[in-house]
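In the two assemblies presented below, chain A is common to both, partnered first by chain B and then by chain C.
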Partner chain A sequence: MNASRIEQLQESTARPAGFSLGEFIRRRPESITFVLLVAICVAVAIANPAFLQPSTLIDIGRASVVMGLFALGVFIILAAGGIDVSFTAIAAFTMYSLTVLVLNHFPGMPLLVILLVATAGGALLGIVNGLLVHHLKVPSLIVTIGTQYLFRGFLLSFIGTVWIMSLPPQMGAFGRLPLLQFESANGAVVTLPVYFLILPAAAVVTWWILNRTLMGRAIFAVGGNADVASRLGYNLRTVHLFLFGYAGALAGLAGIIHVCANRQANPFDLVGTEINVIAAVVLGGARITGGTGTVLGTMLGVLLIVVINSVLVMVGIPSTWQRLVVGSFILLAAAFFVTRQRKK
Partner chain B sequence: MSQPAKGEPHPARFLELRNIQKWFGGVHALRGIDLTLDLGQAYHLLGENGCGKSTVIKIVSGAIAPSGGEIVLDGETFTSLTPIQSLAAGIETVYQDLSLIPNLTVAENVALSEQLVAGQGALARLFDRGRLRETAERALATVGLPTDRAFLSTIVSDLPLAARQLVAIARAIATRAKLVIMDEPTTSLTRREVDNLVRVVERLRSENVAVLFVTHKLDECYRIGGNVIVFRDGQCVAQGPIERYGKKELSELMTGRPIDSERYRTARPGDGELFRVEGLAAPGFEPLTFSLREGEILGITGLADSGRNELAMAITGIAPATAGRIVVAGREAVIRRPADAISRGIGYVPEDRLAEGLFLDKSILENEIALVVTRLTNAFGVIDRQKARATAARLAEEMRLNTKDIDLPVGALSGGNQQRVLIGRWLSIGPKLLVLHGPTVGVDVGSKDTIYRAIQALAEAGMGLIVVSDDLPELLQNCDRILVMNNGRVVAEFDAEQADEDRLYRAMLSSTSTMESAQ
Partner chain C sequence: MRRTGGQLVMLVAINCLLLALGAAISGGSFLSLFNLQSMASQVPEIGLLAIGVMLAMCAGNGGIDLSGIALANLSGVLSAVVVSSVLSGTEDQFAFSLAFIAVAVTTGFVGGAINGLLIARLDITPILCTLGTQMAFTGLAVVVSGGKAVMVGSPALLSSIGNDMFLGVPISFLIFIAAAGLIAAALKFTPYGLWLMLMGTNPKAAVFAGFPKNGVLVATYALSGTLSGIAGIIIAARNVNVKFDYGSSYLLIAILIAVMAGVKPEGGYGRVICVVMSAIALQLMSSLLNFGGLSNFVRDFAWGLLLLTFLAVGRYDLVGFLFPGSRQRVGSGAKPSSTGT
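On to the complex of A and B.
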């Protein structure tokens, strides 16, 4: 009796024997992202072999840092079934206020402290989001639309609208500090800055939190079904505060890196790029309804968007086409995932 | 401590509720519940929907706080519990909705709670993956599920419902529970799986665990044995060993009115043939032929994998047949999609009415008229509100809904009333044949009674009915004939008046057992 039960269940559930491509893609949707990424790189490399030069790859790496940090924050919130559109405002607020603060009051502040303050400031603003989402019981989309306006409005009204061109020296130096440096064929000096390392480090930490701690499992549990998770003893308030605080911290860090890398602080920067980041996360296989996705997928999604944004020009496609391409990819990927889901 | 002197503490007493009150807004849901549960005992909590059963369970498991009274848990007195307190004390609950996290794996669903509770709910901790796997394997083996890696890492939403129910039970027994509460644990289990559950319960009791069932199925209560607790209108109206109560007596205690447990079917079917299938086949069942007369009620039963669900879906166009003919009232009907079936006058009330049949956040009105909107429009193609209201009100009346307010969202109704809304919707198109799939799954005794009466009234009006169900007493009480399916074939046909549960059950299992011995 027992033996036949088990057979019957295995038959109707997992089919361990026999490898099915469809099943693999359904379980690991980021494989599609990977295939798309490779296909684009191959196509671009054939059309313009200059793509394979180290300088291009380093450009892509440099351009992914800020977006990648944002994307990790968006992903962790998406995994818990929420959404955040305020992270760019958090980044803009932290980076500009902190630059002004350092410039006018603490010119000697060490860089490490600046980074820590940016992270802590972002976390604080994120926790405001978390408190509002948890206690108002309003969907996080609405809350974060509100706080996006709030944070940005506060920044522009009370802190300043002046474009700061000369940064505190330690920040400028950090933006230039090389990890790798060499001279390319055409004589230009190519630099991979040290701050690039922050992205893989943040990705590893995020992966570790999600997959090795109870908090990580709690985040996915809340994304699967928040009511059930709370019934099983997961503290929703802790989860919400952590989530939004963590995403805020990443945004604060991304903001200050953005300033250091561009060697200027423009309070009008960043806000408006949310959709690009959310698109990257969704292209990485995370479902907008929450509870799914991987850190690896998110990173692949970011690379895909950055590659599209930076290399189309190299093969002679006007930059205005970028949106068209990204849009089609999102629709294609979504349609693909959905049909996979239905076949199940 | 500050308590007045109590008598000797009962050695096996685990949980005691004293004068528990609960108000929801102006509704007095629990009116002073007194209840004691001892270790190693089985209890059956009976009562109609809305009598307060679920509320008591939520209070005991810490999901909600009572408005008054006290909870004595293992000798300690509380005014309310948190989920973690309740879990830490050894109270595990298998909720009716199973409360599984759909996007986590089987192993995580079964065994993560153990580690959460061990840390008093703290989340800033690593989890022990080796222990997770060990605990999950042990619990899954107990309920008879596979324990291989592939199954442990299956995402729960990929499992069929019956397996999910067993996973939920596995979670409840994964830790050293002292009280396991099961809220309607058998609704989606076939009889074979229920047998397995009965063994699990016996084992739990032998390990001195208390088990509290919340159920509608009186037959299962007698099979498992133990004590009954009967609720009515937020009060406990009876508590004691089940042998002291007759089945009819329990039904009457629950509803507060006499219930007729005899055969509902008294009328005879007409002579004319209404419906026939010839050599009908689809994935899941082999070519089969049967017919139905006007006003006849045909029962179809079998295990979950017997092909009975596929047959119902082929007749109603949800998963069309791949071969054979369907003849409705003498004319051949080609049914490739549900709309074809509807236009031929075949209605389908699905088993999972919440997911497949009802718009829960829409009103009774909108649910009732969903099939006939085009008939209710005026010259401009706009829905005639008055006509729609009149139609919906008539259907609500015919189905004896317990509310006159047809603007109420369907989600606010009890399971029995929801089912009646769904049947009422089909009446709006005046079907010739109605296929009912598990018409009383998750429905209380009182609602069952009204649903059965409605079924009989439909048959008397000349409609043919096919009832696909696991609930053997239901089929015996309501049908003219019963077909038993097994492995995609009809293996037996019974005259319902002459059949009994044992014979039906044997037919359901017959060729499966020969298959097993052949393996």
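On to the complex of A and C.
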């Protein structure tokens, strides 16, 4: 059980009666994310009722899969007090090399095997990160900036820079396989693809790891205070390898889903979106110094960023403002959570 | 500290080695005056940003400035838009250049001070804060310019900063050396330098010793921002146009230079002269790779590898890396112990 959780319990026993809004927000920062998300949705729905169409909502759901998988990986690393910026490079590396491999050598590889290989490949690259972070003893930001360039440079200089437009048939079919399909008012067919299910599944697995296993406790303990955790007998090396391996696996999976969903493999894709993902996790209430956060908050943060990205145009704000808005949101959220924390 | 003098000697040796290697490969043309001048005029942009990163790292407590290149681009773009709406770059060249420089440096200073204030006053972690401002600065540059390249042109003074020589040395390089010298002097001879390094070594002790912690932090990031502003001027002067996404790999390279220079990412140690030498070394390597006809992607790959190698060499005795398990090490991602829950 992590420090903040214990704190919560102590507080709830100490003050059984009396409900303070400030306290509630401090204990569950993701409630702010939720309020913000609802507020934005209501505002957009009033400004442009087209937002409430099922097709828009399904678009948002579809757009949040890849980012959500990334965010879960970043969250678990953030919870342990590290940070990762190389996951997009891992995803790009895995998706592109695997697509090339399947196209040229194993055209008949079943989809399940492809997904497994992608996950395993991502995990392998993640473990490289984990080894470096653990042994080099430098902030993981610097290490992963290095590996981001390493992986992406390797991909672009030695594997290829060609945009693959015709995917292996099984991957294309997976991207189109519908979970839910209906015709909207204007006659267009709206599809919620099956791959959407991977995100809630990954979220549940991540929640389970963090809340029901020893590894989860170790992760929060390391995030709270690495020195104390190691003196308590947690093996930091194992924790680091697991963390980065898990984040890498999620990134590999996200990469191959990105390919299937877009029906093309572009090696220049994905890298550059990492700040958005980190923003999502931080907006979800995870503190960048580690030890806190929830899976639910992370998912809300992802939804918030995806909604902001997709609705700006709907309410008539030019898309050039997107970065400025997201950047200001990061700073506001950070400032807000910090000042909340201080008012103990 | 073994690396105090050793690092400098090593960097000088690397530079000499690279020059010799270049001369050997190219048959002497690598050392021609023209090539040396063109390399020297490429160092300042990235060198200034690297000094900014060094200052932020020295402040300790996870200090880092990720917003450098974004702020440099913002300075250039904002200045170009603002100044050219008031003055014409072709008619009143001198005034245009002066106004451009003033606005760019002010933008850099203000942006850096915002970083510093957010970090010092609100206690936001430097990584998060500068990630946020990086995005906000880039976003502002996109908004101001509409996402397009903005024309600066080549008015007299600016173009001479970008292209002319003084006694055979590019003027931009001289500006870089002057800025580096000023910062080095400030670190060595003023109380600010002492405060910065001691604060980086032990933030808690610094607070109890009564250092003006907030002042030092704000000054550090403002200084780093000002350097970004100057880098923005040099970028504009050299490229005629400014755009929000210029130099996308500069973030890594600035950090790489700082790490190569032996600056400690956890704070408390860094020397400007080492940063200058390592910026030059990196430029030599980059030019060498160019001579070899390798693509930009290979260069990115090489930079990543180099960064990790230097981290390994500088942080970790290689013997221990090859035979782990001999000692229990307490390593962690960020440094949660001082700022964590």
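What we mean here is this: the second predicted complex is superposed on the first by the 330 of 344 C-alpha atoms of A that agree within 3 Å, B and C clash if a C-alpha of one lies under 4 Å from a C-alpha of the other, contacts with A are read in each partner's own complex, and residues count from 1 in each chain.
Basically, a residue touches a chain if its C-beta (ideal position, glycine included) is under 8 Å from a C-beta of that chain, and two chains touch if they have at least 3 such contacts.
Owing to the predicted nature of the structure, the values given are computational and were not obtained by experimental measurement.
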Touching partner for A:242 - first (chain B), second (chain C), both, neither: first
Which superposed partner A:80 touches (first chain B, second chain C, both, neither): second
Contacts of A:291 with chain B and chain C, given as first, second, both or neither: both
Touched partner set for A:223, first chain B, second chain C, both or neither: both
Larger contact residue set on chain A - chain B or chain C: C
Which superposed partner A:215 touches (first chain B, second chain C, both, neither): first
First (chain B), second (chain C), both or neither touched by A:38: neither
Which superposed partner A:232 touches (first chain B, second chain C, both, neither): first
Footprint overlap on chain A, where chain B in one structure and chain C in the other make contact: 2, 4, 223-225, 230, 291-292
Chain A-touching residues of chain B, taken from the complex the two chains share: 61, 63, 83-84, 87, 95, 97, 99-104, 108, 112-113, 115-117, 119, 121-127, 144-146, 148, 150-151, 154-155, 158-160, 163, 192-193, 196, 305, 512, 516, 519
Contact set on chain C toward chain A in their complex: 62, 64, 118, 122-125, 127-129, 131-140, 142-143, 146-147, 248-249, 251-252, 255-256, 259, 265-266, 294-295, 297-305, 307-308, 311-312, 315-316, 321, 324, 328-337, 339-341
In the complex, chain A residues that touch chain C: 2-4, 77, 80-83, 132-143, 145-154, 156-158, 161, 222-227, 230, 236, 240, 272, 275, 278-279, 282, 287-292, 320-328, 330-331, 334-335, 338-339, 342
Of all residues in chain A, those that touch chain B in their complex: 1-2, 4-6, 8-10, 12-14, 16, 27, 212-215, 217-218, 220-221, 223-225, 228-235, 238-239, 242, 291-292, 344
